[in-house]
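Which chain is which? They are A, B, C, D, E, F, G and H, in the order written, and residues in each are numbered from 1.
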Amino acid sequence: MELTVYLAGQIHDNWRDILKNEASDLNLPLTFVGPMENHDRSDNIGEEILGKQPNNIFKDEAASAINNLRTEILMNKSDVVIALFGDKYKQWNTAMDASRAIEKGKPLILVRPETLHHPLKELSNKAQVVVETPQQALQALSYVFS
Amino acid sequence: MELTVYLAGQIHDNWRDILKNEASDLNLPLTFVGPMENHDRSDNIGEEILGKQPNNIFKDEAASAINNLRTEILMNKSDVVIALFGDKYKQWNTAMDASRAIEKGKPLILVRPETLHHPLKELSNKAQVVVETPQQALQALSYVFS
Amino acid sequence: MELTVYLAGQIHDNWRDILKNEASDLNLPLTFVGPMENHDRSDNIGEEILGKQPNNIFKDEAASAINNLRTEILMNKSDVVIALFGDKYKQWNTAMDASRAIEKGKPLILVRPETLHHPLKELSNKAQVVVETPQQALQALSYVFS
Amino acid sequence: MELTVYLAGQIHDNWRDILKNEASDLNLPLTFVGPMENHDRSDNIGEEILGKQPNNIFKDEAASAINNLRTEILMNKSDVVIALFGDKYKQWNTAMDASRAIEKGKPLILVRPETLHHPLKELSNKAQVVVETPQQALQALSYVFS
Amino acid sequence: MELTVYLAGQIHDNWRDILKNEASDLNLPLTFVGPMENHDRSDNIGEEILGKQPNNIFKDEAASAINNLRTEILMNKSDVVIALFGDKYKQWNTAMDASRAIEKGKPLILVRPETLHHPLKELSNKAQVVVETPQQALQALSYVFS
Amino acid sequence: MELTVYLAGQIHDNWRDILKNEASDLNLPLTFVGPMENHDRSDNIGEEILGKQPNNIFKDEAASAINNLRTEILMNKSDVVIALFGDKYKQWNTAMDASRAIEKGKPLILVRPETLHHPLKELSNKAQVVVETPQQALQALSYVFS
Amino acid sequence: MELTVYLAGQIHDNWRDILKNEASDLNLPLTFVGPMENHDRSDNIGEEILGKQPNNIFKDEAASAINNLRTEILMNKSDVVIALFGDKYKQWNTAMDASRAIEKGKPLILVRPETLHHPLKELSNKAQVVVETPQQALQALSYVFS
Amino acid sequence: MELTVYLAGQIHDNWRDILKNEASDLNLPLTFVGPMENHDRSDNIGEEILGKQPNNIFKDEAASAINNLRTEILMNKSDVVIALFGDKYKQWNTAMDASRAIEKGKPLILVRPETLHHPLKELSNKAQVVVETPQQALQALSYVFS
C-alpha cells in the first residue's frame, strides 16, 4: 500500500525537502505532492500563460486560478494532507487548503509552533492530528505502516 | 422564500449589526447567524462549561470544540455564507469557515479591503463573489430577490 | 406539499409570465424562481455593485459572478428545473444550468422547439422529460399532483 | 503520478491531435480521452447498433444515449476536463459536458476565443481556468508537474 | 415532527386507501405520496402531453419519462418508503423504486406475502424492515412516534 | 431557528426527561427525539408486529430492524446528536449511533463519566464536544443560541 | 484504460460466457464480474457458511446476505453495469441491481427482448442505453474505445 | 481484481494472523490492514510523538488522534471491513469502526460469538453479513472470487 501526501503550507523554507529525505531514509512508501514552491513563479504563472493583465488584482486572479487548478488536481489524488503554519505571512491559502482537506474527508495533520496555538485553535480542533514539527508529522505517518 | 446567511469573520467591530440593520430597512427576507461575537466569552466557553483546564492549549482546545459545534450547526442551516476579512489578526478561522462553505456547496461572498487582495488571492478565486464592503455583499444578496 | 421550480433559459420573451399565470389558474402549489429577466441589469450587475471594471471581459466576469450567485442559491432551493431553449442566441448558460440540475439530482424538464432536436440531442437524452412548449412542461408538473 | 484528461468540445478540426502531440513532445504523463471524433459515426451510432429508427428524432435519441454512455464512462475516469468552444455550431453538448465536470468536482479548463467571452461568461466564471488556446491549457497542465 | 411516506408498488387494488384511512384513524402525522394510481392514465400520460407517438415502445418511453419525473420529485420529498409486492405482474418498477430508496438513504419497509419470499430475498435483505401486510408497515411507522 | 436533537444512549434512567425539562425552563427552541425508552417494548417490538419468531436470535433481529428504522428516520431529521454512555451495559448501539452521527455530518456531543475516558478515547476524539453531564451538553447547545 | 463491467441478471443460460468470448475476440480491455452463476450454490451459500437455518425464509435471508455482499463489493469496483432481463422468472434482484447501478452513478446498459418493453418501461427510461441482445451491449462498450 | 480488507476489533489474541494465514493458503488476492496490534504502543503513541501530556485524559486524547488517523487512512483504502467482537472489554472503538464502515458504504462482515447476539443486535442488523468465526468471514470473502 502506497500513500500520496499533499504538503500544504509555507514555501519560504525547505521543510518539504527535509521531510522527503527523512521519508526516503525510512523507506516509507509515500509520494509527496504540493504547491509550486518557486514563489515568483507562483505569483507570475497567470501572466506567464495568459499574458499581461490590466492590473495587479487581475494578475493575482489569473495566477490564483492556475495555482488552485494545481491544488485541486493534486489534493484529489492524495490520501492525507499535512499543512504547516509558520511564524510569517498571513498563510490564508494554507488555512483554506487545510479546511478543504477536512471537508473532502482527507485526514489532516496540522504542523504549527506552539506559539501559534491560539489563532489556530478552531482549525486545530478540526484537524485529525496536531504536531509541532514536520518530523512529528512523519512519525504519525510512519505509524500507519508499523 | 427566505434565506439564512452565515456571517463569518472578525468579531472586533459591529459590521454584523450594520448589515442586519440595512437588510431590515430593505425588508429582505434574510435570517442572519454567525459566531459568538463576545470575544472573551468565545475564548472562555470551554472552561465555562468544562471547568478549569490544565493549561492554555487545553483551554483553547475546549473552547474551540464548542465554537466549532456552533459553527457546524449554524452553517449546516445556512443557504449562503458571507466571510469578512479585516486588516488585523490572523483570522485563520475565517479562512477555514470560508473554505468549509465552498466545500459544502454553500455559495460564498468574500468581503475584504483591496489592500488584502494579494494574500487572499487563492481564496478569492474560489469564492463565488468578492466585494470590498458588507454593503456590497448585501447588494449582491438583494439582487437574488429582485 | 409545495414545489419550488427554477425556470432556466432565455429571457427574451415573457414565457415565464405565461407559465406562472397558468399555474395560478390551475391552483398548483408551485413557487417559481429563476434568473434576472432584465437583460441590461443582468449584464451590468457587476459594475452596479463593484464599480467600473478595466474592460468588457472583466465587466462580464463581475456580472457573471453575481448572476451565478443567484442561480446557485435559487437552484439549491428548487425541487425541479425547467430549461427552455429558443431559436436565438447561443444560450450556453441555459445548457450549463440544465446540466447542473441533472448533476445535482434535480429532475429536469427540457423545453425546445422540434427544430432544435439535433443540436440538443445529448442534453435531451439526459433530461427527465423533453417537451416542446412551456404548457406541456406545466402539464407534466400538474401530473405530479393529480 | 499520471493524469487522465477528458477533451470535450468541437470535433470539426484537429485540435486534439495537436494537443496530444505537444504533450508527447513535453513527455507529460497525460492520457487523453474524449468523444467520438468521427462526426458521421457519432450521429449514426444509434442506428448502427439498434437498427433503423422511426424518424430523425428517435435516431438522434438512440445515438445520443450511446454518446452519453461514452462520455459518462470516460469522464468518470478523468482527473481534469478541457472544454474547447469554437466559432461554429451551437455546441450545447460541450456546455453540458463542461457543467457536468464542474458539478462532479473535476477541475475544468475552458478554451475559447476572446470573441466568445460574452455568451460564455457564466460558464467561464465557474471554470477553474479560462484560456484562449489549447496550448495555454497544456501549459496550465504542465505547471501541475513542475 | 411530520413524515412524508412514499407508497411504491402495485396500483391494482386499494391498499393505499386502506393505509391512509388507518393512519388517519390513529392521528399519525403522516403525509402519503406515490405513483399515479389510474393505470390507464399512467400508461397514456406520454401521449396525453406529447401527442401520438410512432409506436408502442415510444408511447411507453414517453409515459415512463413522466412517471419517473413524478417518482423522482416525490421520493426526494419523502422521509421513508413503503414498497408493496403482490402476486400479480412483474412489478419491476416497484423493485426499481425500492432499490432507489435504499441507495438514496431513505429507510425502506418492504411488504410482501410470504409466498414471495424466495424471489424477493436479495431485496428483502437490503430493506430496513420486511412485513407481510400494509397494516404491519403502519405499525412500524407508528412505533416511530410512540 | 429551531433545532432537532437526537438523544442516543442508555434508556435505564430518566436523563432525557431531566434534559427536556431544563431545555423547557430555558425556553430553548429544541425538539428532542430518540429511541424507544421502554426497554421491554424495544426488545419485543419485532414479535409485536411480526408475531412469534423461531428463536431469540431471530426475535432480536426482528426487533432491531424496527428499532433501526426508528433511529434512521429520526436521526435523518436531526441537526445535532447527544450520545450518553453510562457505567452499565455494553451500549454498542450507542457507540454505533454516535459513529453514525459523525459520518452523516451531524455534530456529536458525547456525554460520559470521566471513569470511562479510556475505553471511549477514539470515539471521544471524533466527537465535536465531550462533556461529563447532560447539563453540560445542554449548556453547549444553549451557547449556539446566545 | 481498462474497464470493469458488472454483468447483472439471469443465471439460467450462458450469455455471460458468450459475451466474454466476444470481448476477448475483439481484444477489448474489459474485466467482467457478476453474481454467482451456480444457482444451487447461490441458494445454499448461507447454510454452507452458517449451517442449517430454522426454516426456508431464514435460509434465504442467510444466502441473500452473502450474495449481496458479493454484489456490493463487485459493483463498487465496476465502471459500468450490464443488466439482462429474460422471459422467465421474476428477476427482482436484477431490477434491484440495475436501479442500484443508476443511483450509484454507474452507467447502465439494459438488455431485454422487445416483448418485455412494457413492464420494463420505467427502468428502461432511467438506463443510459437499452438494447435487445448482449452483442449490442458489447457493441456499445466497444464504441467507448473506438 | 484484488481487495483490501480492514480488520477491526480486538487486539488481544492472534485472530488476524490466523485469518491472514488461511487467506494465504487459499491464494486469495486479499491485502489486510487494521489497527496497531501492540496494545501498549497504541496507548502510548500520543506521548511517543508529542511528549509527556498533562494527565491521562490528555495522554489518551493524543493517542486516539493518531490511532484514528491510522484508521481513517486505512479504512478509506479498503473495499470491505471485518469487525470482530470478543467476550472481553468494552470494544466501543470496534463498534465505532463497524458503524463508520456502514456509513462509508464499505460492506461490513460482523464476527461475534452467539453469546453476544443480544447487545449487538442493532449493529448486526445493519451489517451486511453476521458470522461467528473469522473462518466464516473468510469463507464469505472467498465466495466473492468463486
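Heads up, the rule we're going with is that a residue touches a chain if its C-beta (ideal position, glycine included) is under 8 Å from a C-beta of that chain, and two chains touch if they have at least 3 such contacts.
The structure displayed is predicted, hence computed values, not measured ones.
K.L.:
Among the other chains, which touch subunit A and subunit D together?
P.N.:
Shared contacts of subunit A and subunit D: C.
K.L.:
Along touching chains only, what is the step distance from subunit D to subunit H?
P.N.:
Minimum number of steps from subunit D to subunit H: 2.
K.L.:
Report the chain pair from B-F, F-H or E-G that duplicates the A-D interface, where duplication means over half of the contact pairs agree by residue number.
P.N.:
B-F
K.L.:
Taking the mean of the CA coordinates per chain, how far is subunit D from subunit E in Å?
P.N.:
39
K.L.:
Roughly how far is subunit B from subunit C, going centre to centre by Cα mean, in whole Å?
P.N.:
Computed from C-alpha means, the inter-chain centre distance equals 31 Å.
K.L.:
Hey, what residues on subunit H touch two or more of the other chains?
P.N.:
65, 68
K.L.:
Okay, what are all the chain pairs that touch?
P.N.:
Here the touching chain pairs work out to A-B, A-C, A-D, A-H, B-C, B-F, B-H, C-D, C-E, D-E, D-G, E-F, E-G, F-G, F-H, G-H.
K.L.:
With touch defined as at the start, can you tell me which subunit D residues reach subunit C in the complex?
P.N.:
Touching subunit C from subunit D are residues 56-57, 60-61, 63-65, 67-68, 71, 85, 89-93, 95-100, 102-104, 114, 117-126.
K.L.:
Subunit E touches which residues of subunit D in the complex?
P.N.:
54-55, 58
K.L.:
Which residues, counting only subunit D, touch subunit G once they are in their complex?
P.N.:
Listed in rising order, the residues of subunit D that touch subunit G are 4, 31, 33, 36, 41, 45, 48-50, 65-66, 68-70, 72-74, 76-77.
K.L.:
Please name which positions on subunit H make contact with subunit G in the complex.
P.N.:
Subunit H residues touching subunit G: 1, 3, 79-80, 105, 107, 109, 128-132, 136, 139-140, 143-144, 146.
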